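Look for chain A in each of the two complexes below; its partner is chain B in the first and chain C in the second.
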Partner chain A sequence: MSSARLPGIRANVADGFEHWQSFLRDRPRLKIFLIVFPPALVLAVFFLLPLVFMAYLSLLEGMPPAPATFENYMRLVTQEVYLSILWRTTVITAQATILTVLIGYAIAYSMVRFSRRTTMILLLVIMPFWTNYIIRMYAWINILQTNGVLDAALLFVGVINEPLGVLYSHEAVLIGFIYIYLPLAVLPFYASLSYLDQDLIDASMDLGAGPIKTFLSITLPMTKNGIMVGVILVGIPIFGSFITPQLLGGTDNTMVGMIIENQFVEAFNWSFGAALSITVAFIVVAMLVLGMLAGGNFFDLGGEDE
Partner chain B sequence: MSDITIHGLRKEFGSVLAVDDVDFDITEGEFISILGPSGSGKSTILRMIAGFESPTAGEIRIGGDDVVGDPPFERDVNMMFQDLALFPHLTVAENIAYGLAQDGVPADEREDRVQEMLEIVHLEGYDDREPHELSGGEQQRVALARALVNEPKLLLFDEPLASLDRKLRQHMQIELQQIQHETGITFLYVTHDQEVAMAVSDRLIVLNDGQIEQIGTAEELYDEPNNSFVANFIGDINTLPAELERDNGNLAIDINDATRTVGDSYVDPGVRDNGHHEIDLCIRPDDMRIEPSTASEANAIAGTVRNRIYKGGTTTYHIDTDVGTVTAELGSSQFDVGDEVGVSWSDDAAYLFPRRESEA
Partner chain C sequence: MSALSSAWNLLERVAYNHGRKAGLTCLVLAILYLWFPIFVVTFMSFAEREVLTFPPSSLTLDWYLVFLDNDAAISATITSLQISFITTPIAVALSVLIAYAIDRYVFPGKSILQLVAVLPIVVPLIVVGVAMTIFFGIVGIQASFWTVVAAHVIRVIPFTVLILVPTLVAFDRSLEEASYDLGANELTTFRKITVPNIMPGVVAAGLLAFTISFNEFVYTYFVKDARTQTLPTYLWDQLRQHATPEVNVISVVFIVFAISTVLIAVALTNVERITTHDG
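Let's look at the complex of A and B:
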């Protein structure tokens, strides 16, 4: 009996499934809605809503409920200290991004072109990610501080006579940023370089271009998109970061992320912190748009018709 | 003196011998093909001439100078790649002008020569297209134009037509030949497709296991193959295992226990006197004769028609015999599947070679 019933149930389930399939096939709009709605809901709740709340907060005099005001933004643009911090943040971001991209490209290039142990190097690049960010920063404090590991090593070799004490300097912040964000640059560079067909390099050489010309006219333009992805992945988090400059930079290297953190955690001026956050977000989006306008369509891999 | 001389060229990859002391000459303006199965080392030879691989030993002389050790960008040799390797981020005109720009040709002259090339490959007006917008055949032409434009001493082809369908391939073959005549540039073409190679080349080099089996015109290779490999590779051929014996001073060939007595002069001295006992007897399908078994010759091989393929002018029969399946191509289609027949051939149609282990 039961063995006779089971196939019947299975057939019913299959029928129901087929029924649903044809039901959806006839309703393409409903199908698209069902596919798009869940992720859209997640984005709205966890991304859009907080952003809207942030914007709302930035327009209040204090903790809600409070009267609306533009005072927070006025304070930001009229007080020179905040503008100079934004400027310094931009400069540090630019320097750290350029250095990270240069070093990352060199590493990715050697991984693809010369190394037979690519997996090993890739692993070494990714491995630091498995250790906590803060712990790695404290490791750098140990290395960079006066009479720390770096000074001891350099003194021992005899390159310097007095300890350098790199910690709490502009350079220390750059070193920290490069160290933290290098993997984020190496991975997209590695991906786009390994997609590059070796025959294109050979063809360029065959047609008379030396290694440098080939690099400039084939390798670099062909990996342009990977480079842009790397710049974005590295530049954006650096612009908003606060732990690295706080731990390695000391008081002279304040970045805007530190001010925001300070407003929320210590000054309890959430409205001003929110105004700073919205400003930073706006600057980042503006830079992305400007970059796209200036460099053409970074995200296009095929090369469309003009 | 030859314009391009390859002497003692050898390439080892670790313990694998890819190219084994290869020698050949190419005359200026010649269209020469290297023909061989995959893995025979033909692409390695090409890549060594282009400069992408360095030989383990040997000389590559182009116009008298040994270029071994020179990087690819200093060699007056261009290559048309198997996957074409068009630069996807450049337009058709920029692709073609690439080599000229490297040679320092001024921009306006570059423009003229690109136009000239586009005309030769019948792609007028395609200047601003991008490679991905072109059909397979058009991409081939762009790659050809790019390789031709700076007039190299030697143009190398690494099976660039392999990806095209049969019709387009045949069309491109004819065009390649015309373009070669027009430009007078020496072509070295590598392929495993004997049909293409025989159609376009002045001479062919048959390569197997890194060694040259034979060099000659298509006719020479077809009519006078050096060995059973060449006989098999150039055109179809039946290979029958046979034994060579001396019986009371007479030379005899044993096939399937039937003995044919032949004169000493029938067998090539190289095969006859080197003590080769086991030989391959090779006959082209169109040299085969089929008779009804009742009327067959005394030393015919008995067999059964397995299938027949009507091809219009001719009919191809596959006949099962005790020495394997024999292919015969006849002008008539009088036999049917299942017919008992006798297969024979005239003695002067057969090639005798020392037996060698068959290769895949």
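Let's look at the complex of A and C:
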């Protein structure tokens, strides 16, 4: 292409844009449509539609075409093994979430109130979170297994005489979950604590309240929303998890996520897997709604809502 | 009653005198807890013996050479990078459109778009992963490299939207008006005013997208075909079979990757932006 023609082409392109712009300026709705359509299409096709298909498959005997049935859900509620797995999943989720939230709040509180190097500590807290999930679980396998790092350290110090072998236990699963989700809990707590007006705390102290009373009557109620967001962020992924119980829990600590995975990887009963997934989704939605009713304003993106 | 209140006063005094110390101790212990496993695997990647024992008898770089010589591991690494490099621009572009629409316009279905864009964060990964498998299965789309890319785009969008919406909201639109008043057209204004102003947010979103995609496991595990192996799925197979110390080397790869992306993100934007979205 000769360089002499380039300005001409450039002018043409600019003209084209100019034309296109005025065309769109006269048709604001078309403009909005062109902006919203591509992402909406992608979300609809690859996210919403799959969920609909899964709900549909959960009501069939097998891959379509197949007769409709309620059998997949009946199997879930009538067979004791599945109910007990759902219950165990709920218990582990509740325990891990409570522990994570308590520790996470203590960390965030100490960061905001007692530490001056907040940025650096925040970095130290989030960096492990960006390390691969499976790597972090693998690290804990090394630490917790019989004659692993923990056993070696405790034997060396002389606290124990026999290796403990904490791996493949309920405790190991809890340790793994807390480890994974602690940074995720710290972030919303940190945000809501650092938005808290220091004057309120000073006022409470000036009026004679001690640190505990001030915490209970000022800090805690005013960071309630952040706490609920943390509970949601931590509780939901734990409920659906299968990696952590698989790698750290062994056979006695089966969670519902492992059963779902099994339907697709070994048992090849997709309909039943779909019914289990829908059940998990419903439980999670219930958790989310409860959390939001309790004040966790999770979906507030801060856009203009008219 | 007075015994109770004096006990309470004692507690308050203890909290007043020792609260700071207790809090900082807790902070240090938590950071040790978060970093200890990372140090353990890094250290073990230099262990000589094949049996995983601690402490290792002697130190070596052999396992790094084994990793570099392992075609399966290297090709999984390359596949992971390819997928992340394709996913990132797609997800960021779509998220810019979503954030722009949410920030600027009122349209029917806006609140639904707002909800659906961040919904994948709160639906357990396994539920969406399984749903995608079922969808591709019923519709008849063969699992492949590209189904993994589609899944990754969905996985990433909520995070990039959560970064980009506040970026666009914070952007002072009177700058654009000033540009129009001075005679610039929409395209020039967008190029010279809007883009440079939202660029830090876009870069942060891109880094986050790349990191999430590179580490993504659950969606990938369900929608990939047998030939497409990413580094996380390769790792999973290794752990399920029998882990050689080579796994420690792969761990170090992931750790170095994580630390450097976070540091780059911090250098390019502020920490608040990549860590919080609470307003």
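Keep in mind that, in the parts below, the second predicted complex is superposed on the first by the 246 of 306 C-alpha atoms of A that agree within 3 Å, B and C clash if a C-alpha of one lies under 4 Å from a C-alpha of the other, contacts with A are read in each partner's own complex, and residues count from 1 in each chain.
Here, a contact is a pair of C-beta atoms (placed from the backbone, for glycine too) under 8 Å apart; a residue touches a chain by one contact, two chains touch by 3 or more.
What you are looking at is a predicted structure, and each value in this text was computed from that prediction instead of being measured.
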{"item": "Which of chain B and chain C A:I218 touches, first, second, both or neither", "value": "first"}
{"item": "Chain B versus chain C as contact partner of A:L83, first or second or both or neither", "value": "neither"}
{"item": "Partner chain(s) touched by A:M292 [first = chain B, second = chain C, both, neither]", "value": "neither"}
{"item": "Touched chain A residues, chain B compared with chain C", "value": "C"}
{"item": "First, second, both or neither for A:D206, with chain B first and chain C second", "value": "first"}
{"item": "First, second, both or neither for A:Y133, with chain B first and chain C second", "value": "second"}
{"item": "First (chain B), second (chain C), both or neither touched by A:A267", "value": "neither"}
{"item": "Contacts of A:G226 with chain B and chain C, given as first, second, both or neither", "value": "second"}
{"item": "Contacts of A:P50 with chain B and chain C, given as first, second, both or neither", "value": "second"}
{"item": "Shared chain A surface residues [contacts with chain B and with chain C]", "value": "210, 213, 302-303, 305"}
{"item": "Contacting residues of chain B [partner chain A, same complex]", "value": "50-52, 71-73, 77-79, 81, 83, 85, 87-89, 98-99, 102-103, 130, 132-133, 146-147, 150"}
{"item": "Touch list for chain A against partner chain B, complex", "value": "197, 199-200, 202-210, 213, 217-218, 221-222, 302-303, 305"}
{"item": "List of chain C residues in touch with chain A within their complex", "value": "8-9, 11-13, 15-16, 19-20, 23-24, 26-27, 30-31, 33-38, 40-41, 44, 52-55, 94-95, 97-98, 100-103, 105-107, 109-111, 113-120, 122-128, 130-135, 137-139, 150-151, 153-154, 157, 161-162, 165-166, 169, 185-187, 211, 215, 217-218, 222, 232, 235-236, 239, 243, 247, 250-251, 254-255, 258-259, 261-262, 266, 271, 274-276, 278-279"}
{"item": "For the chain A and chain C complex, residues of the former touching the latter", "value": "14, 17-18, 21, 25, 29, 32, 35-36, 38-40, 42-43, 46-51, 53-54, 57, 63-64, 103, 106-107, 109-111, 113-115, 119, 121-128, 130-136, 138-143, 145, 147-149, 152, 179, 182-183, 187-188, 190-192, 195, 210-213, 226, 229, 232, 236-237, 239-243, 247, 257, 260-261, 264, 270, 273-274, 277, 280-281, 284, 288, 298-306"}
